[in-house]
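Next come two complexes built around chain A: one with chain B, the other with chain C.
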Partner chain A sequence: MNTNTNISNLILIPILIPFISAFLILLISEKTKYLKEVLSIAVALLCFIASITLLRLVGENPIIYQIPWLGYREMMAFRVDHLSAFLLFAVSMFSTLISIYAISVKNKGYSKIFYFLLLLTQSAAAGSVLSDNLIAMLFFWESMVVFLYVYIYISGEGYAVRKAALKTFLINGISDIAMMIGIVIVGYISDTYLMSSISSNKLILSGWGTIAYIMLLIGALTKAGAFPFHTWIPDAALNSNAAFMAYIPAAIDKLLGIYFLARISIYLYSLNTTMQVILMAIGAITILVAVMMALVQSDYKRLLSYHAVSQTGYMILGIGTLNPIGIAGGLFHMINHASYKSCLFMTSGAVERETGTNDISKLGGLFSRMPVTAICFIVAAASISGIAPFNGFFSKELVYKGTLASGWTLFFYAAELGSILTLASFLKLGHSVFFGSCPENLKDTKEAPYSMIIPMILLAAICIVFGFGADIPVSKFIEPSLSSLGVVVGNIELAGFHTDSLFIIFLVVVIIAVTNHIIGFRLSGKAYKSSDHIHHAPVLKETYAMADKGYFDIYEISRYIFAYFAGIMFKVDRFFDKLIDDIPSAITRWASEQLSRLQSASYRVSMFFIFLFIAIYLLYLGGIKWQ
Partner chain B sequence: MAIDLISYSLVPLFAALIIPFIPRKHRRITEIIANITLLSGIINLGYVIIYYLVLNDYTSYTSDAFTTLMLFTIYLVGMAITFFSTYYEVEKDTNFSSYYSLILVSVSAMCSLVMSRDFFTLYIFMEALSVCSFALITSDSKTFSIEAAIKYFFLTFPASVLIIFGISLLMINYGTFDFDTIKFTSMNFLTFVSLSFIILGFLIKAGIVPFHFWTPDVYEGSYSPVSAYMAGIVTKVGGIYAIIKIVMLLSSYGFGSNLSKLLLFTGFLSVFVGAIAATVQKNMKRMLAYSSISQMGYIILAAATFSPIGIIAAVFHLINHATFKTVLFLNSACVEKSTGTTNMDELKGLEHRMPWTSWTSIIALFSTAGLPPLSGFWSKLLIILALWQSGHIFYAVAALIASVFTLAYFTIMQKKVFFGKLPEKFNDIKEAKYQLLIPVVVISLIIIFTGVFFNRVFPYFERILS
Partner chain C sequence: MDKTVLLAVLVPVIGAFTIPLFNRISKDLRNVMAVVIAASTFIFNVVLMQNAFLDGIRYVVSFPLGFDFILKLDPLSAFMATVSSLISLVIVIYSLDYISHYENQTEYYTMVIFFMGSMMGLVYSDNLIWMYTFWELTGFASWRLVGFFRGDKEIAKANKTVLVTFFGAVLMLIGIIDIYMTQGTVVISELKAKEITFLPATLILCGIFSKSAILPFSTWLPDAGVAPSTVTSLLHAAVLVKIGTFVYAKLFGTIFIVPESFSYMVLIITGITALVAGGAALIETDMKRIIAYSTISQLSFIFLGLASGSKLAFAGALVYILMHSIAKGSLFLCAGIVEQKTHTKDITKMGGLVKSMPLTALAFALSAFSVMGLPPFGGFFGKFFVFKGAIETNDIIVSILFFIGAILTMLYLSRLFYKIFLGSEKPNMPREGSSTMVASVLFLAFLGLVLGILITYPFDYASITTETMYMMGVNIQ
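Here is the complex of A and B:
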């Protein structure tokens, strides 16, 4: 084990430096230009370099650093294995890119507060992935909820923003409480909070273990934004800015959620077939439900946010297969998704900044006006749709293979159907935003500023590099991560281009999606209406209407149930109030008035009473037996 | 009598005799003599008590420690009332020389009462105290006060008859009045009847339910400082003190189970009737009067356990009651002086104009209701503890429930008088003069310190009552 103090400092850099810098940023005046941005970028870059160094230093043995705290030697225990280092690398990379990108985002609220939150989030995310102690991890994990709330709250004014912020806070907060319960149970049944100690004697699903796993799963799924805990993401997309969306729901939350899902499902527990099916089903349902919703959206960011949910389904499906190929696919898809979805949200922010709107019905023909943004969009959209040879194709292929290897072909079909719809919705989005005829008021739209273009290009480049050279991330990140999770890879080929039956299916998928788009475009005549033949199909139309009203939203349902429950409890409370307050008060009042009336009697009555009581006293005396 | 302490009784008496010879136009001199007399006494007594409290060393303490403590309480309240009256000045036509004389004579009578070592002396000074009280109640020239005095006289005179009757029976039985020489070797019928008569008489004097008919009228009808004086100390020393004394006497012989039942029931009745009747009162002073009845019930309950801890609790609550009830009555006097009324329906929001009065009221009422760490909490705790330990669980629970009532009616009072929005008509009222606030604040501080430093106070009580 490597406990060199120099390396220990390296662990603290990504946690402490952003944390301290965040408060430094608060000292800078809002009017001072670029200083906050430069400081934030510099800090993120420093952490990025530290994470690369850590990634290189992690060998066969993980790096361990423990800070005694509150009387427990292992309270603040950090442990860097390949998976943690990989996650830290990703977190730092996205923080750097978003710091650059956010310079030109206009509706991000006070930039001081934005960068303050960005650095704190980075610090907390780094702490979450590096912690070995579950309680320390929870500490970092939960602190992010507050930042999430403030992020949304500061990005606008009005009822909708506050409502979205509150919704986000409640869903995440409650799921974190569930996670806390899970962690406490895990600590109780395994007698330690160190994940590395638990993993040497894995938990099984029985009794309290099952409850704990479900609680932890709720925490992980909510962070990742899976069905049915995803509903805050589309609401936040409407009411917040592109930088936030590209940073947290698209990148950080997915990274952390899937990281923790992988940790609990593979590292801490040895799951059984039932839980495997449940996980895969959650994945498949998430894919389909979210992509169906995404297909009919007319807002650029909201459409993307549903895809952010949908893609989570692939990762959960991949990890749920519990075989090396599937897990590799899930983890690979996680990093791929973060890169292309961040890129897509960045393009939405660029379009919003230049045109002032995110409504795709008011956009069109922007390719010639914003060529770089458009090309980045196309690359990222091709990646998310799984077009070969971009990165999404390879990770999805791994997920498909894993699903087929698990024997549950049903989920494979669901995933393929999701792919078709994903491609269809991106054809619709790309067609209506960047192609077709340009509206009059957008004729003189300009390209986005460099601060926006550079991160987009870098992310698009990652999509291409991870695609064409899929063996680089697989051999550098995924395979070591699998080994640190304890998964034996064996001789399976994870990267590389295979011209097998899956490739044929991929071609079929592309053909179906394109045909569907052409049909839709021909039927409606407008690109942004090209999904209307699905939207207005029988049964689906009613379902969509109900979904719009929030009938399937767990948050709205809970609110309704809680309101009803609160009504009943209010009645019960009134009853007890009557019982212990009103009735005794009335009796007391009555008695008190009677006693006061007695007081205002004349002397004769008073005297009479006094002599009466003296007589009673004496009679009482007469009846007492002496000792 | 306790001869070594007799100067505390004689000095006020001499001062009271001098005062009538001072010309009426030199009112200041009258006031100075009255104040100086009591102040010198309180400094002496305070030094003795605080000396032992601080040193926590009782080796050189005389057996009269309990008497000293009672004297201190009498002087404290007497001093507060005298000082307060000096600056109160509502009634221009009050006869001040007789007023101060009466206060000094009653202080002297009370001191003699607590110093007495036999029943007959006790009785004589109790009567002297009653006579002073009649006169003091009439010091307010309102007709209502004369009515109150008459009511007080008529409704308490049976007490004198009963007490003298009981004392006579004791004399027949034992041939002596002396506390120390009476040997209650066996509780025969005559002893029991005589003691019961004496206790009954003192219960009437104390205004315990069901002999409480005079108390609310007297406390409401008399001059405000006099109300504080009567409620704070006079009825306590004139009635309750003698009961505690008899209980102490009997408990050292191991008697009292039958008397115990009797007293417990009377105390319980008093606690509840006082508390319940207080909740709907419209007049602040009348509410305080009922509260006084209720609190005296607590003292009786504690004494009725006949256990050492019960006696400690009774004495401690008696002293606490003297402090917090004085504060509350003096505050009601301040309110009356500022606004001209004590009708709670007309009062509102005075805390904005009279913050000191409001805050001292809060301290006193919290102490009455038994909220830690104020002194009232400890005495109530001891009372409930004593009841519980001696097996009277029903009365212990009842005492606990009654303190909820206490808090309830005092919260009503505080809310009606001090909280809320200040009405237009009270816009130009002012806080009472600082001289009026001095006694209130000093006694409030005593309440707080007694409660906070209870670890020092309790051994002291344990020591002097052992």
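Here is the complex of A and C:
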């Protein structure tokens, strides 16, 4: 146990201060202007500074801090290694930026409640990444489910919002139950809940170990928003606000989900080849399924939300390779994705605020009217599409290299195909929103306010800095994190720009995507319809129609299964009701009728016989023993 | 201290019969006295709980043939008595307003307090025969409370309640007699670490299951909920059904050594109960029936923790009893507010009440989260540790049954909340309930949250109780 109180305070700041401030915010009147916002930003900044300090303090030995918690055995144990410190840094950074951004977001509900939730989410996220004890981690992790529900619920009125909120809650809540079971099993087979202790004697996939891993994987994948547990994200995108989307599905959930995936897959378990292939397949399927859906969307935020799913696929693919390059790529992509996706959602919020719509068929030509937003969009879109030299390019290269090194070339092709479609859909989106002709009613659209522009610029700057100077994040965050996970990097170069064969493939990808966009644009004549030739292609058209009806949505499928199951259970319940109520009543009635026909004795005589028989029975029972 | 145990039992039992006398003087005095008796019982129990780890606190009145009336303090009894008297106290306070529109109020208060007293007698009894006697007295009180309204339907449901539990209790009595014959005593502390066979254990189990509404004796609980007022159904769902879990914990967790197959049978039956009750709760449309089914499914989780044979799970089950009583109490009282204001129990006729009853909705949501087992609410820890028990049985079937049970819990509570408080708004939105009622539910709802954040204290108590009382070598360990 570390007795250095200064350091322990540093660990508690990002957890306790937001938690307490959240309740302070509830006390502030909704009418006050900026007080809530300023308090929230100040708290987030404080945590950010604390996280930077922690990042600098963490050396070879992790910082450990324990608080008595559950009885004498389970402590609320915090342990800060490079990976945790890196994650805490990211969480605090995004919390700060979103606190600033949300000032001007209109449809976020009561701002009091929004900031209350934001601070609590920040506190819980910090707790999850710092916890070493799995129970403590689950405690923080699972408490975020409630906030998710309220975030969406307060964004608007109407049936769709409530339904999306419920769906989000149930998918995440049930996956958390699965994760709880996984953690219980891990505790059972390894006799400790401390991740650091488990990692010194890694678990293997056999018997309970396999079940536990699958359960934990469900939790991690749902948080990260991977196929098939992703379906709440696009629904939430339609029915919530940009600040929420930029904060939770784009940043916090991805960070936590991938963090935990890395922890379980690398740190707690030594996986076998079968699980490696399963992970990589999940990654590849997620990339393709989601990007295919993204391509045909016509709502700004919903399109982005499918990309938020699709990009998760790259991270899972990278970590699934189980080799240092791939894992580095997965983690690097995690932070890159959070920055550009958060930035993209922020641009969507800015456009929504200024134009009143997110429907890309009603937008156009906004570049000259919202130049800063547009430039931020272009930088972020180039990053997500993996255009050199923005950050997405470098992390994707690492994932590709890792995939190739694993020997599964099939998944490499899937990932590259995903890249083509990603670029194609961003060409469509950017073209329809910021270029082309501007509709009459949007002629005098203005640039978004500073509170929105500043976070966007900062995130776009990260996209550029982490791209041109990719060795900064790699050497500061990724390589130390890998060493915390116990991955030996060796002398492989993780950062750096090479004009090797992968670069040529990259150029081919760009050419195909641009050509596709031009063909689509020529065929339909409208930018927002430039994916229609794919949307309406044979087979795909029917598939899309079925997807729209929710045939592939695990939530809808489960709803039918559970409704059916509950129906059967209800019948079973009714059966037991008959068994203990109706049948005994009927027998009693029948018996009493028979008896009353046999003898018309009075009530007292009957009672006398009953007690007589009971007495004889008791004497009989006891008589044997008393001898 | 010996006298305090006696007081904790006698004050409510005798006090119950003074309530009609106070009613002669004035109604207000009667209400005040009901609260005073309930509150003093709670305080006695808190005092006892602080001394629960002292040895040999007992009060004895001698009777022939080993039927001595013995009240004995142990940590488990003190825990159970404190939890149930706390909930009963909140119920009495809430009733002041809720029950004020109905007839037979004097009988109501008399029976609630009498119920409370019998419950205290039951948990502190150190003699199986006296435990059985108090057990039947609680059954009698519950019969009168379910039959609070005098309609034919209510009378029928009241009779069903009392007949099912009485039938189980008679089987239990036979089991007790069998133990008396084989072991020669019915004093619980003298029976410690005695091995008993499958048959008497099962007979006693029938009594426990009928009281705790576990299959196949489960359906009286939803029916009792349908009958008259919410308050009485709460008394059943949050307090009375816990009698069964308490007796199970005491007899099969800390006293008797039972065959392993017996515990396994309990796990399977309760696992199936969790599924059946959870499924039924998803189909039902009557608000109070849904909550009653939810009680049945949650009781299964408590039995899981008690029967799994793991120490931590046993402690978890005790925490579960505490958290579930609080949360379920709040849910029922919220349902009572909603029912009183909307004049219906059919959830398909409700919707959008969060607009007009925000505080009730908040209390309902917080309590529902606790029952679902979401952190940072107290229910999380109960659920986590009983699942630990399920896994440690090393039996995949038990684990799967309860896994699905937990998912169903989340589903039916979300559905219930959604239908009542969200959903599409209906005309004639009712107003928020009275301040006494809303304060009662908010108190319970936030208590669940606070206990979750300060889990160290209740969990410490539960684990030390387990440590001092739990019998090792019963099951898998």
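For the reader, a short list of remarks on this structure follows.
In this text, the second predicted complex is superposed on the first by the 566 of 627 C-alpha atoms of A that agree within 3 Å, B and C clash if a C-alpha of one lies under 4 Å from a C-alpha of the other, contacts with A are read in each partner's own complex, and residues count from 1 in each chain.
One rule holds in what follows: contacts are C-beta pairs under 8 Å (C-beta built on N, C-alpha and C of every residue); 3 or more make two chains touch, one makes a residue touch a chain.
Treat the numbers as computed from the prediction; the structure is a model and nothing was measured.
The wider contact with chain A, measured as residues touched, comes from C rather than the other of chain B and chain C.
When the shared chain is aligned, chain C comes close enough to touch A:568, but chain B does not. Once the two complexes are overlaid on the shared chain, A:68 sits against chain C while remaining clear of chain B. Of the two partner chains placed around the shared chain by superposition, chain C is the only one that A:142 touches, whereas chain B remains out of contact.
Once the two complexes are laid over each other on the shared chain, residue contacts for A:610 go to chain B alone; chain C is not touched. Of the two partner chains, chain C is the only one that A:180 touches; chain B does not reach it.
Contacts of A:206 after superposition: neither chain B nor chain C is touched. Once the two complexes are laid over each other on the shared chain, residue contacts for A:593 go to chain B alone; chain C is not touched.
In the superposed pair of complexes, A:29 makes contact with neither chain B nor chain C.
Residues 621, 625 of chain A lie in contact with chain B in one complex and with chain C in the other. Those residues of chain A lying in contact with chain B across their complex are 588-589, 591-593, 595-596, 598-599, 601, 603, 606-607, 609-611, 613-614, 617, 620-621, 624-627. By the touch rule above, chain A contacts chain C in their complex via residues 68-72, 135, 138-140, 142-143, 145-146, 153, 159, 162, 166, 169-170, 173-174, 176-178, 180-181, 184-185, 187-188, 208, 211, 562-563, 565-570, 572-573, 576-577, 579-581, 618, 621-622, 625. In the complex of the two chains, the chain C residues touching chain A come out as 160, 164, 177-178, 181-182, 215-220, 275-280, 282-284, 293, 315, 369, 372-376, 380-381, 383-384, 387-388, 390-392, 396, 399, 403, 406-408, 410-411, 414, 418, 422-424, 455-456, 459-460, 463. Taken together, the chain B residues at the contact with chain A in this complex read 151, 154-155, 158, 162, 186-189, 192-193, 196, 200, 204, 210-211, 213-214, 216-217, 255, 257-258, 262, 273, 276-281, 405.
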